[in-house]
Each structure stands twice: as structure tokens, then as C-alpha cells.
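Structures are listed in the sections that come next.
Shared between the two complexes below is subunit A, which pairs with subunit B and subunit C, respectively.
Now for the complex of A and B:
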């Protein structure tokens, strides 16, 4: 009896130890991501470009230009600009008046490149501004001028291009994968007799689900990017992901189709509706929650996926726009948030940036997870 | 009368059309798998066939070789196979007991308020993308190993094993909890009534009762560990040669080998990457077969 009690205590201790280890390790990881990345998170983190843009812009002033130092700020009357000193970047634009001519400044290519709050001013006319330039020196640069040439740096460090790429990828993938998955599931549940074809499809789904995403990525690169000639593009990534997500889509739709009571089908058919009408009007609406959960789970996978997209979507921090037309295009390359987090670490060792992107990813993934949980809870009964 | 016949004919036609549509959507998965297998096997087997345009390579040398140096025409994946197996085995050795004990804690030992917090949290953590585990490994685990490794850097088999362990934990815990809870309560009651203690009941009755679910979790974990790429690529070191002789040695895994060179490989090197996939594929297939065997057995019981 004594021996038994000792071994019981020992096992209980082990159980508590394991549970503590699991919980603390997982919390440490989430804590690590948040504590390393939060400094970069700001409202503009989501809306800024990834890379700096440097432009030389020109504009004129119609009224007298006078510069005056007020505390930490340099207020330039006449062109409606307020400048400030910034510890890291030198001179930053603090405020641009509503009627400031700088809002319509033209760059050397003749395109409008407006001066905005937060931009770094690196030069005025022929004179360069550097970290040590004082506000006094700058105020003299405005004297006796009515036309101005500014060297302006629009700071990057944001994730706007990745957000757009990720959204485009999610949208394109779902547009292809959802109908395919739902139609296939309808076939499996409503049409197919158990037999060779169903077994074959089921086996194929199992293999697809078990393949590591590297293999999907290699196949996608070879087939969609090279053989079909899509190159690295949103479409190539979306097609690769369609193959990868097919099992999730089919399974979750199938599950919800199976829960539709047979009496519904019989009643509909008994009232004279044909099979297509029954599927469209009776079965699909009842299965909608399951399909939605499948879509939510798929979005989670798309946001988190990396190996399958590395060489199909690409890893470029750019908005997928066609350079000729300037419109968003699914034939252009980009990078999702997750891919970019990977590249930031692998190529630049930039853990802070990767963690900051990680925070955004975690927020998205956790929200999606909660949504799917709530959906299953609400419609599960 | 005529109109009615026409209508029925039209209906029958549209029924057939939709049937064909649904069927082709279903067959799409089959087509994809066939295309994947054909593409990978035709490309991957070419280097071992006589008359290959980029030169032939001996299959035995490929499987047992310990150097992967495309510049010298050497393509051996032997050391990667060993590394992949070691890494997976190590991650299971750590992850399975910790995972099962954590599941026991959630399902049986923990006070209900704690279990109610822990279970959804663990499930939530299963959704964290693997890249973020890699970032953590790169920033925390590798520097940690730096402190006591006899090798110059902390990029090592040990780092890979630790990252994989952390990665597979949430899913092992989540599936095990579900299957532990699914064991009929009268098993537990019977055991307790016979005078067994709670702990004895857990280890002698509940865990054996949840065996098939737990085994499924383990096999899925093995699949995830052997197929994982992006998390381990950041911590493995990926050397060009060297069978790992200690857990501090850097390793190159089958999966990371593919991703590292996929972007620029051409000719024989590209074919060799597909040959690497064939090796990986063999492992995955074995895992899948095991999994479906377990499931069939579970259904029979």
C-alpha cells in the first residue's frame, strides 16, 4: 500500500510537471513574439510600404516664405510646412497645411508625390540635410527662395504590400477552392454509391492531406509556374494552395452534408422537386455553416502557409500590381505576411520585424480560430 | 403531352449535366494526386536511368551518400535520411510523453476551471504557423545552445528536435484529450470500484482505452515532424555533408534540402531534388498506411 502511494504521488508530480512545461513553453513563445515585436506596431505599420522611397520633388510658393523656430519645431510660413527634429532620422515633416503647395509637389518624372507628415527631409534645393543639421541652419535654407526642390524619403518598414498580397491570395484561392471542394463533397455524399470511384477519391484526398507542403510547393512551382507559364504569381500560389486545401474543404463540407437529415431530402423529393433543386434549395442551405467553417479553416491555413508559396507566390515585399497598367493583378508576384516573416529572419536576421509581423499573423489566426469555434458551437446542435 | 415529354427530357439532361459536374469536381483530387506522383516520379527517377541527358547517377550512391555537393556532382542523401529520422524520433521521444501527460492533466487531473482554460488554449496554439516556431528557435533556442555546445554554433540536431517537439505538442495534446474523454465512464467507475487508485486507473484503464486515438495523434505528429520545413530550416545549419554523431552537430534534412535549392536548381541538380521528394514520399506513404491501419483497427473494435 505504501509503495502504491509513493508511485501515485510520483506520477501525479510528473503529470503536473508535463502540463506546466507544455503551458509555459507555449506561453513563452507567444510572449516572445509579442514582447519582441510590439515596438514596431503602430497604426502606420499596417499602411506603410515595406521599403523606403526616395524622391526629388519640386514645387513653388506664391507667397513670401519665412521660417521661424518655435520650440522643437520649425514653422515655415508661406508653404505651410512644419518640420521637427527626430533622433533617428534627422528632420521629419511634422505637419502639412491643407493649402500647402507641397501637397501637389511633382517628382522628376512629372508625377505628383505629395509631401506628407512623417516623411524625412534630406535636402532642400542644393543643400543636403544630415543628422547633425540644426533647425537654425535649415531655416536659412528657405531664405530668398520661391521655388523649392526637396529630397524626400518616404519611410518604409510597414507591411502594407504583404497585407494586400495576403488578401489577394486568400480571395483568389477561395474563389477556386470553395466551389471545387463543395461540388466534390456533394458528389461524395449525394451522388456516389460506395464503390471504386468513392474509394479512389477518398484515397486521393488522404494522400493530398498527408503530403508535406514542401512537396506541394515543388509541384506547384513545376506545374503551375513553369509548365503552365504562370511564373511566380498570386494565381500560381492560389492554384497550389487549392490542391493543398482540397482535403480540408471536401471533408468539412462532407461532414455538414452528412448531418442534413434524410427526411429533408425525402420530403423535398416527395413534393416533386428534382435532385438538383433539392441540393440547391434544401441541402446546401442546411450545410452552409459547415462550408463556412471549412472556409475559415482554409483562410487560417493560407495565412500560415509558407513552404508551398515560397516559389509559387514569391517572397517580394511588393503589391502585386501590373507595372504597365498600375492595377492589381493576380499574374504578379508578392509575398504573404508569413513568408515575409520568414525572409526577414533568414535573410536579414531581423527578429524584431519578424515578430512584429508575427503579432499580426497571430491576431488573424486566433480570431479565425475563435470564429470557427463559435460557428461550430452555434450550429453544431 | 409533347411539352411534358420535352420537359422531362430537358430535366433528365440537366440532371446528367450536373451529375457530370459533381463527378468531375470529385475526380479533380484524383487528377491532382496522379499529376503530382507522375511529375515527381518521372523527374526524380531519371538520374538513375541509363541515357539521362544530364548524366546518370547510381541509385545506391544516392541513398547512402554522405555528401551533397552539386558543384562537384555529388548527390548523396544518406546523411539527410539519418538526420530526418533522428530529428523525428527525438521530437517524438520528448513530445509524446509530455503531450500525453499534459492531456491526462487536462482530461483527468486538473480542476475543471483550469481544464476549461487549458484545452482551448492548447487548441489555439496548434494553429500557430510553423514559421513563428522557427523564429523562436532561431532567436532563443539556438543562442541558448550556443552557451554549452562543443561546436562553433548552436545550429544543431538538438535545436531541430526542440523546435519540432514544441510544434507537435499542441496537436498531440488536443487529440489525446479528445480520445481520453471518449473512453466510456463505466470503465473508469469499474476500475475505481475494484479498489484501484485514480492514478492507477489513468495508466491502466484510461490510456489503454484511448490507445487508438493516442496512436493516431502520435502518427500524425510523426508526419508533421518529418514533413516540416520552414521552422527547421532556420535552426538546422544545413551543412553539405556529415552524418550527425552527436545532438550538437548541424544537420540537413530531406525537406530543407528541397527548399534550399529549389529556387535555382537546374539540370541534374533539379532532378535530384525530385529524387529527394521520392525518398520523403516513401516515408510519408508508410506513415499514412500505418495511420489507416490504426483507424481500421479502431473501427473494428
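Now for the complex of A and C:
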């Protein structure tokens, strides 16, 4: 009697210990990411480019230009510009008036590159501005000029390109993987004669699901990027992810198809419906919740994947646009948020940036989980 | 009495197992024929051969002939979809689709390509009236068919079947999942339905068979032991096995 009590206590203690350990590990990870990354999170973090852009831009003034110092600000009348001193960057643009000619400034290639709030001014005409330049010195640079050449630095440090790349990758992958997976699952459940061959396909799918994703990545690099000549591109990444996601897609669809009661099939066929009608009108609608959950899980996987994309999508912090046309293109390389977080740490040792990206990923994954929970709850009834 | 189904030397095998043995039987038009017998005697299997529901199962082999209207072989001369629009089926457990009452009833006609809304409205109303359900659901046709009670669901399934304007309705123990009051309603309905349709019903309840059917076939071990007028089978059967079964000595 006594002995049994002690072992009971031990067991209870172990259970509590494990639960506490799990919860605290989770808390520590989330806390670590937040404490390291929260300083970088700002409204413009999501919309800024990743890298600085440096441009030489030209514009003209039609009226007299006078510069006046007001405290920390330098108000330049005539071109509607207010500059400010910044501890880190030197001189930053503080305000651009609505009618300011700088809004239509042209760069050396003849393209419009507007002067905006937040840009760093590194030079006016022939003179360079550096950390030690005073507002007084700058105000003299405007004297006796009506045409200006600004050396402008647009600050990067944002994740806009990765957001776009990630969205494009999710969209392209789902566009390929969902119909493929759902139709394959329909074949397996509704058409294939259950037996050796289907079991073999199922076995192959299990194996495919168990492969580490770096193997998928290597296959994708060899087959999609090299042999099919897609190079590093969104499409190559999406195709690789399709291979990776097919088992998940097929399995979740298969499971939900199997839960559709056989009586529905019999009733539908008994009413003179053919097989395709039965699948389209009865089976697929009933299986839709499961398919949707599969899609949401897949999005989570796409957001979190890195190894499979390293050599197929690339790790470039750029928006996948065709340089010739300027349009978004799935044949261009990019990087997802996760990949970029990895690269930031591996190449630049920038834990802060990686953590900030981590926060964004956490938010996305949390939202997705919430969606799938709501989905199951709504359809579960 | 017109013959609706003429069955000649029907044998059915599940793989190596023979489930039906040399069944020869005539089923008559506008009559209720009850198929009775102990569990596993093949009466449901037989019922499902009549609209080729057994096609859905792998490894089923059938020999012999089933002639619809006494002449057309349903396994050789008819396509299965055409057959099932003429021979409807109601299953043991009410199985409405997870869609509205209206859509449930309109499902069959829609699958045949009927799109005309007015025509569909007519068919749905007529079918629901035919299944004695109209008055109970006419105000909630857009509600899910699953929201109805068990008895109402089964009558919805009957309405769904008669919306196809079939000639025969097969019923596989249609009241076994219902309470006595719902059962009574469905039984009353069957009496009405036989004016327009030929009804073949599998039932476990001998009282039910006695109450509603005109003809009864007694199945045992995959064979038809005796077939004839219900009155005769229940009062003065020819075979000893039949008598033993209906008097409750086994089964």
C-alpha cells in the first residue's frame, strides 16, 4: 500500500515536471525572439526594402532658395524641403512639401526617384555630407543654386521583398499542389481498386513524407533548377515544395474522403447520379473542411521551410521582378522570411534582424493555426 | 398482374462465397413484395442486385438473368444509370445528404440535367407530398435535411427517391432505425405508394411484412424457400422451414 503511494507521487511529479518544462521552453523561445527582435519592429519594417538604395537625383527650383535653421531643423524655402540632424545617419529628410520639385526628381538613368521623408542626404551638388557636417555648413550649400544634385540614400533594413517572395511562393505552390494532391487522393479513395498497387503508392507516399527536406531541396536543385533549366526561381521553389507537400495534401484529403459516409455514395448512385457527379456534388463538399485544413497546414509548412528552398528559390533579399519589364515574375529568384532569417544569422551574424523576422513568422504561424482551429470548429459540428 | 421483374436462375458470388443460389422469382407491378428471412440469408444482397448496387463492391460475380418489365436484361441490355432512375432505393439508415431539404429532393432530377427552376419546384413539392412530408417541411425547405427527426429523414429519403419518378422502389429495412410512431407513418405511406409504384421491401419484422405486403418471399441460406401471397405464407405455408421461421422457432 505504502509503496504504491510513493510511485504514484513520483509519477504525478514527473507529469507536472514535463508539462512545466515544455511550457517554459516554449516561453523561453518566444521570449528570446521577442526580446531580441522587438526593437526593429516598426510600421515601416514590413514595407521597407532590405538593402539601402543609393541614388544621385537632379531637380530644379523655379523660385528663390533660402535655408533657415530652426533648432534641430533646417527649413529650405523654395524647394519645400525640411532636413533634420540624426544621431546615426547625419542628415535626414524630415518633410517634403506637396508642391516640392524634389517629388519629381530624376536619377541619372532618367527615372523618377522622389525625395521622401526618412531618406538620408549624403551630398548636395559637388559637396559631400558626413556625420560631422553642421546644419550651418549645409545651409550654405544651397546658396546661389537653382539646380540641385542630391546624393540620396534610401534606408533598407525592411522585409518587404521577403514578404512578397513568400506570398508568391505560397500562391504558386498551392496552385500546383492543391489540385494535384486532391485529385490524387480522389483517385486513391474513389477509383483505385484497393489492393497491392494502392498499398504500394501509399507506402511510397509515406517514404516521401519521411524524407528530410534537404533531400527534396537537392532533388529540386538538380531536376527543376538544372535539368528543367528553371534556375533559382519562385517556380523552381514552388515545384520543390509541391513534391514536399504532396504527401501532406494527399493524406489529409484521403482522410477526409474516408470520413464521408459510404451511405452518401450509395444514396447518390442509387439516385442515378454518375461517379463524377457523386464526387463533385456530394463527396468533395463533405470533404472540403479536411482539404481546407490540409491547405492551411501546407501554408504553415511553406512559411517554415528553409532547406528545400535554399538552392531552388535562392536567398536573395529582392522582390522577384523581371529586370527587363519590372513585373513580378515566378521565373525570378527571391527569399522567404525564414530563409532570410537563416542567412542574416549565418552570413552577417545579425541575431536582431533574424529575431525580428522570427516575430513576423510567429505572428503568421499563430494566425494560420487560429484559422485551422476555427475551421475545424466550424465544420466539426 | 403484370410482372415487373422476372428473375431467372440468379446466382451471386462474393469471391468464392456463394450468397445467392438459383433464385427464380417474379415480382409483380403495383404490389408490395416483402423479403423476409434470418440475418445473412441473402435478402438484402438480392434486393441490391435489382438496381445493380452490388456493382460497387469488388469481386462480385453474378450469373443468371434479371429482366425488367419481363424482357430487358438489366445487366446486359441497360446502362446502370438508366436502370437506377427507374428503380429507386431507400436504405436502412436514413441518409439525407448534408444539404437543404429542397436540394436533397432535387438532387436526382438535377443529376439528370434538369435546371428549370419552376419544374424543379413542382417536382420537389409533388415528391414531398407523395412522401407525406410536405406539410411538415413546406416552411423550411432551405433548412438542412439533417435537422429533421429520424422518421422525417427517412420520408425525405423516400421523397428523394420518388422525385426521380421511378417505377420500382427498393426498401432495405427502411424502418429498422425508427421508433414505432415513425414506423407507422412510413408503413401507411407504403400502402399509398403501391398505387403508383412497385415496392420491394426487405424487413426483419414479420409483423411488418404481414401488415403491409401483398406477396412474401422467404429466404434461407441464399435460397428462396417459399414465395407466394402473404396471407398464405403466414397462415398456411407449404414448407416446414417457413412455418418454423414465422412461428419463431428460429431466426
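Everything that follows uses one rule, which is that the second predicted complex is superposed on the first by the 365 of 381 C-alpha atoms of A that agree within 3 Å, B and C clash if a C-alpha of one lies under 4 Å from a C-alpha of the other, contacts with A are read in each partner's own complex, and residues count from 1 in each chain.
Please note the rule applied: contacts are C-beta pairs under 8 Å (C-beta built on N, C-alpha and C of every residue); 3 or more make two chains touch, one makes a residue touch a chain.
This is a predicted model, so every value here is computed, not measured.
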Identify the partner contact of A:274: answer first if only subunit B is touched, second if only subunit C is, both if each is, neither if none is. both
Is A:112 contacted by the first partner subunit B, the second partner subunit C, both or neither? neither
Between subunit B and subunit C, which one contacts more residues of subunit A in the superposed model? B
Which partner chains sit in contact with A:14 here, subunit B, subunit C, both or neither? Use first/second/both/neither. first
Between subunit B (first) and subunit C (second), which, if any, makes contact with A:221: first, second, both or neither? first
So which bits of subunit A does subunit B touch that subunit C touches too? 274
Contact footprint of subunit A on subunit B as seen in their complex: 11, 14-15, 18-19, 21-23, 25-30, 32-36, 39-40, 43, 97-99, 101-102, 104-106, 109-110, 118, 120-125, 127-136, 138-140, 166, 169-170, 173, 197-200, 202-203, 223, 226-230, 233-234, 255, 258-259, 262-263, 273-274, 277, 280-281, 284-285, 287-288, 291-292
For a test of understanding, state which residues of subunit A touch subunit C in their complex under the given definition. 193-194, 261, 263-274, 277, 281-282, 285-286
Interface residues, subunit A side, partner subunit B - complex: 4, 7-8, 11-12, 14-19, 21-23, 25-26, 29-30, 32-33, 36, 179-181, 183-184, 186-188, 190-192, 197, 200-201, 204-208, 210-215, 217-219, 221-223, 243, 246-247, 250, 274-276, 300, 303-307, 310-311, 338-339, 341-342, 345-346, 351, 354-355, 358, 361-362, 365-366, 368-369, 373
State the interface residues of subunit C toward subunit A in the complex, per the touch definition above. 51, 53, 56, 58, 81-82, 84-85, 88-89, 91, 93, 95, 97-99, 107-108, 111-112, 157, 160-161, 164
